[in-house]
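Both complexes shown next keep chain A, but they swap its partner, so chain B is in the first and chain C is in the second.
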Partner chain A sequence: MSDTNSDSTPDQGTSRRTAMKAMGLTLGAAAFAKAIAPLTQWTADLSLDEFLQKHYKELSNDELANVIERLEAETKEEYGAEVEINDYRPEPGVQFGYALNLSICIGCRKCAEACHKENNHDRASQESYIRVLEMDKGSTNLENGNANYKHPVPKSDKYYMPVQCQQCDYPPCVDVCPVEATWKENDGIVVVDYNWCIGCRYCEAACPYHARRFNWTKPQVPKDQINPNQGYLSNRIRPQGAMEKCTFCLHRTRQGQMPACLEACPTGARVFGNLLDPNSTIRWVLENKRVFVLKEDLGTKPRFYYFFDE
Partner chain B sequence: MRSLPPYRISGFDEQKTLTETGDTLKRWRQNTIGRRIGWLGLGLLLIGGLFTLVIWSGPNRAAPSEKNSSRAGHGPSEPIQTSDRLPKGVNIRQPDGPPRVATGKTNSLGEPVTVQCATCHATTESNHDLQGVKELDEFHQGLEYQHGALHCLSCHNPEDYNTLRLANGRSLPFSKVKTLCAQCHGTQARDYRNGSHGGMVGAWDLSQGGRYRNNCIDCHDPHHPEYPKLMPVFEPKPPRTAPSQPANKEKH
Partner chain C sequence: MNGDSQSTRTLQTTHFSGNYFRFLWRSFLLATEGSWLFYTWMTLLTAVALVGLNAWAVQVKEGMVLTNMTDHVSWGLYIANFTFMVGLAAGAVMMVIPAYIYHDRRMHDVVIVGELLAIAAIVMCLMFVVVDLGRPDRFWHLIPGIGRFNFPLSMLTWDVIVLNGYLLLNLHICGYLLYMRFLGRQPNPKWYIPFVFISIIWAISIHTVTAFLYCGLGGRPFWNTALLAPRFLTSAFVSGPAFIILALQIIRRTTSFHVGDGPIQTLVNIMRVTILINLLMIISEIFTEFYTGGTHTSSATYLYFGLHGHDALVPWIWSSIVATVLATLFLLCPKVTQNLWMLDIGCVLALVGIWIEKGMGLIIPGFIPSTLHELVEYAPSLLEWKITAGIWAAGLMVYTISLKIAIPIFTGETNLLRQNSKSA
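Right after this comes the complex of A and B.
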């Protein structure tokens, strides 16, 4: 068996794993998880393989391949869909950034819908990582935004602010996770190991942008609506009891493609790209428009920028 | 170029290597362990602290660059079929040529008969004094028109109706209509060139795929360019909530 963690000393790896295992099989992990995770009693049907599965960062290539095979088979069995799950990795020299032009956005919510389809969200609840807020012109207080508008848009005295994960450089959600099931990757994307997550929902509470979603139930998606191009850390169907969030569609963006919400935008309000590439459109926006970030005073350093045309 | 806005790369700059920024983050987070324990609450302090310690004493993860080439389970970098892989380069939609006008008649196959602008206009005198669409009583009735106070011939070429006309009198093929718009809407044309107006689909990384862009007139009808109002789709529903508790669950 090969180990990908080539820079870690074997000792540390063993001790950690041994400790985890010991705790998992005796009292520690179980008691801990039960104490804080709301869904423990409903996820009792968790398979042994799943329960013993290691943290994503600890998996060797072979182990990950096995896990992926298992997940693909489970999707086939439980959803009837043939899917391909890949482990897309960050590319060196890439730092993702996203900007949104509030002068252009009309609030049509096509982005939220595209997110829903792309990321295999639960159908009945119309889950989406994007919430579009109708805001009074002149106000920037997110808490006053209304997500439930149902009239032709745009209304002349309003503007529209789609909000999704801001992929903060100092993510409070990552900070509060007691088991390190969520972390920031080297290209800036904050991800969740859905199988490591214990569902305590601290991260959901810690996010100032209300960007995290919890799988209270097993997501229901009809077979023919499942997006078969899936990422291990992104849009594969999440287990019940796991936290989930926007990943800037890393299964697309780590392949050089645009996120689904950007492509769905009929108005062209969204700009995405590599912050390290001085010729990228995102850099042009940051250098030529007066951009701002949400709740700047919190010091979260979002990677998601907003701007108005002047 | 204007001076750079304060947020530009939020803490990351090009000189810094990826690992450096990763390390900064790690250090910052290590300094906050104390705070994290606070979050866990008193009752969980012991177990939580133990967990945190176990995890923080764990191995440093491999740098992704070292792992990057591995694609578990499917061999090295198999091409991924996204629905919209496009030919390389940036492709901007262009009209094929001059628009055609339906005559209202159909041919023997039941297809509508269309004609070129010049079919009539080669022989019709141009009306340089036309004040508005309401005065169009012979043809083009019903043309919806609301574009500043522009005269038809600000854009159409009275010398050749199969072409457009720039302000300096030069004729311009319909396929180059963006140039026409750009002469009066310089700001939007500049933003469009730089990707912050008009949108795109396809690849952000042009070395990995192509990009497709709409033309100005795909979003703005030249005769009434205001972006149309839309009915929003995908009305939000209440989020999922906790499933009702199983009967055998012990009460606290």
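Right after this comes the complex of A and C.
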């Protein structure tokens, strides 16, 4: 300040001005501290381990074990539930595929409900990875579909088309991710590292099937409703601000079980299995039914097939 | 300036670092000393910026559920403003090209006003991206080397490179020129002319890459058009000059910086061409959408006329079209350079028109209807408006301060030897 004091402004004016400035600075600093107070509270809850956590593919077995231990402890602390998180890896010789029989789907949304429970979705928003479209018979144009029907099903002039992640062989969502937080696994399942995702939502814009869901807030699930069998890359409770998606229930299917949506289906419209197994039902469907995929023109090569009986 | 040259020669022997710290200290003084108008303006901006900062802090803590974005409309006001600001940053090159390629002396004298605008606009772009992140604490995942940078596959990584590169280029050019002026030395062309030419190409790249972010998505037919990047550039070459014309007139009235009519006339001439090309491209897009028809037209129908009773964006886009057409009429009027009020209104209308068209009129309809053809509408929440206003205020602070420092150095009111006797 001494530099300016020698200038033309009279001393008295300068000192008053300096005093005003000091006051302004103090007020400004106080207002700044007040403004970022919510952020300081938030960072206090964020552990250094979490902040510095490496990408899933870079974690050694020991590091991953530590991360899982931390996540289990956090679930216990924040949700009050004892859960077991496992890192289920893809099996060699397995390529998963899914098919859905549109002739017998009745639009009951039991699949969406099962997904909601199995995958520990936020209860308030009634989130699910599956949306069921009610379609006009005589049209496969999605524009004529309606996902918000609230009447008894099935209606005779309609058919029903559940849509979930198509686990594309050329997934646009994976290409656009700036930080490689999402990728396609060796068995064909597209996964997200919930602890690496920065939440830019570019993948959500890129997905042509509305398959991705964002955690707009911290998911809330009552303690007794939490599914304790959790996969690190699938149904563990997701952090706020990260992206998530259908994983074909990899914590079940990589253990030889069927996806929750399939088990919940009352009509048997859903067929799931290993595309490399010539004796599997999914292979039989693909070889004997006239199947189609959604938005084939986009070149995404979905692993999710639709077919009609007749 | 001539009187100083003798003494500066002796000063060249003094240590670089000593002079550079004097330069920084003087810049700091210039940035904090001013008239009451300056203090009032800065206090106002600080207050708005703090409101925005607080809103952002709350958003990070409670989650983006406080915005009105959804899984259907997953980008909103932030990305809309981001897109517009990239245009403003790129548009500043419309001063650089006449000044350095066509050697327009009068433009050359004021080109710093455009280069500093590029800096402020890029800073705002980066802020708009950060507030759109669900996990700003994981920002380091984007840094090449320590994070996992999905280059060259993800267009967003290209955008990170071109935006930060453009920021560095302009920081270097402005910083170097200002420091040389401060020392009273002639800038050495080899230390900045190559960077100026790189920055011209780079300016084109920032808006092209930003258009590629959207137009490369096959699942979003509204954006999936080859015309997107040319439209981005053309509208940027309207909004950039429009903002600079307004800034030049304010500078002319509030500082001792000499701004002649020449540069303004040149910018008006540029806008007269670009605003017409922009209109032509809008008409071309509208024709292609509606004459063809079909499912791919749903977003455009929703935007311009509403779809199945949903019409939240209709008032926005028609305001934009009316503003752009009026701006065109004002700017094409031969008397516009004599009647500055006409020019000012024309520029404001052009800015408003393009802000809507590049923002709410481009980003939001890309999501409506959604990829499964569901119609979920979007209007920004109060929190989103607060954060947006905060970033605008912060950007204007950056611009005001950088001009406050640059102008006295450029006019020679202050340099290494001479104190700035009167505050602008």
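Methods note: the second predicted complex is superposed on the first by the 264 of 310 C-alpha atoms of A that agree within 3 Å, B and C clash if a C-alpha of one lies under 4 Å from a C-alpha of the other, contacts with A are read in each partner's own complex, and residues count from 1 in each chain.
We adopt the following convention: contacts are C-beta pairs under 8 Å (C-beta built on N, C-alpha and C of every residue); 3 or more make two chains touch, one makes a residue touch a chain.
Note that the coordinates shown come from a computational prediction; the quantities given were computed from them, not determined experimentally.
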Contacts of A:299 with chain B and chain C, given as first, second, both or neither: second
Superposed model, chain A: greater residue contact from chain B or chain C: B
Contacts of A:107 with chain B and chain C, given as first, second, both or neither: first
Partner chain in contact with A:215 - chain B first, chain C second, else both or neither: both
Touching partner for A:176 - first (chain B), second (chain C), both, neither: both
Touched partner set for A:199, first chain B, second chain C, both or neither: second
Contacts of A:246 with chain B and chain C, given as first, second, both or neither: neither
Chain B versus chain C as contact partner of A:184, first or second or both or neither: first
Partner chain in contact with A:95 - chain B first, chain C second, else both or neither: first
Which of chain B and chain C A:142 touches, first, second, both or neither: second
Chain B/chain C common contact set on chain A: 4, 6-8, 28, 31-32, 35-36, 38-39, 41-42, 131, 147-148, 175-176, 178-180, 202, 206, 213-217
Chain B-facing residues of chain A, complex: 4-9, 12-13, 15-16, 19-20, 23, 28, 31-32, 35-36, 38-39, 41-42, 57, 61, 64-65, 67-69, 84-93, 95, 97, 99, 101, 104, 106-110, 112-113, 116, 122, 124-128, 131-132, 147-150, 152-154, 169-170, 174-176, 178-180, 184-188, 202, 206, 213-217, 229, 232, 251-253, 255-258, 262-263, 265-276, 278, 280-281, 283-293, 296, 301-303, 305, 309
Of chain B, residues touching chain A in the complex: 1-2, 4-5, 7-12, 14, 18-19, 21-22, 25, 28-29, 32, 35-36, 39-40, 43-44, 47-48, 50-52, 54-55, 57-68, 70-74, 78, 80-82, 84, 187, 191, 194-205, 207-209, 214, 219, 227, 229-243, 245-246, 249
Touch list for chain C against partner chain A, complex: 25, 29, 32-33, 39, 43, 46-47, 50-51, 53-54, 56-58, 60-65, 67, 69-72, 74-75, 129, 132-139, 141-142, 147-150, 153-157, 160, 213-214, 217-220, 295, 298, 366-367, 369-374, 419, 421-422
Contact footprint of chain C on chain A as seen in their complex: 3-4, 6-8, 21, 24, 28, 31-32, 34-39, 41-43, 46, 51, 55, 131, 133, 141-143, 145, 147-148, 163, 172, 175-181, 196-202, 204-210, 212-218, 239-243, 295, 298-300
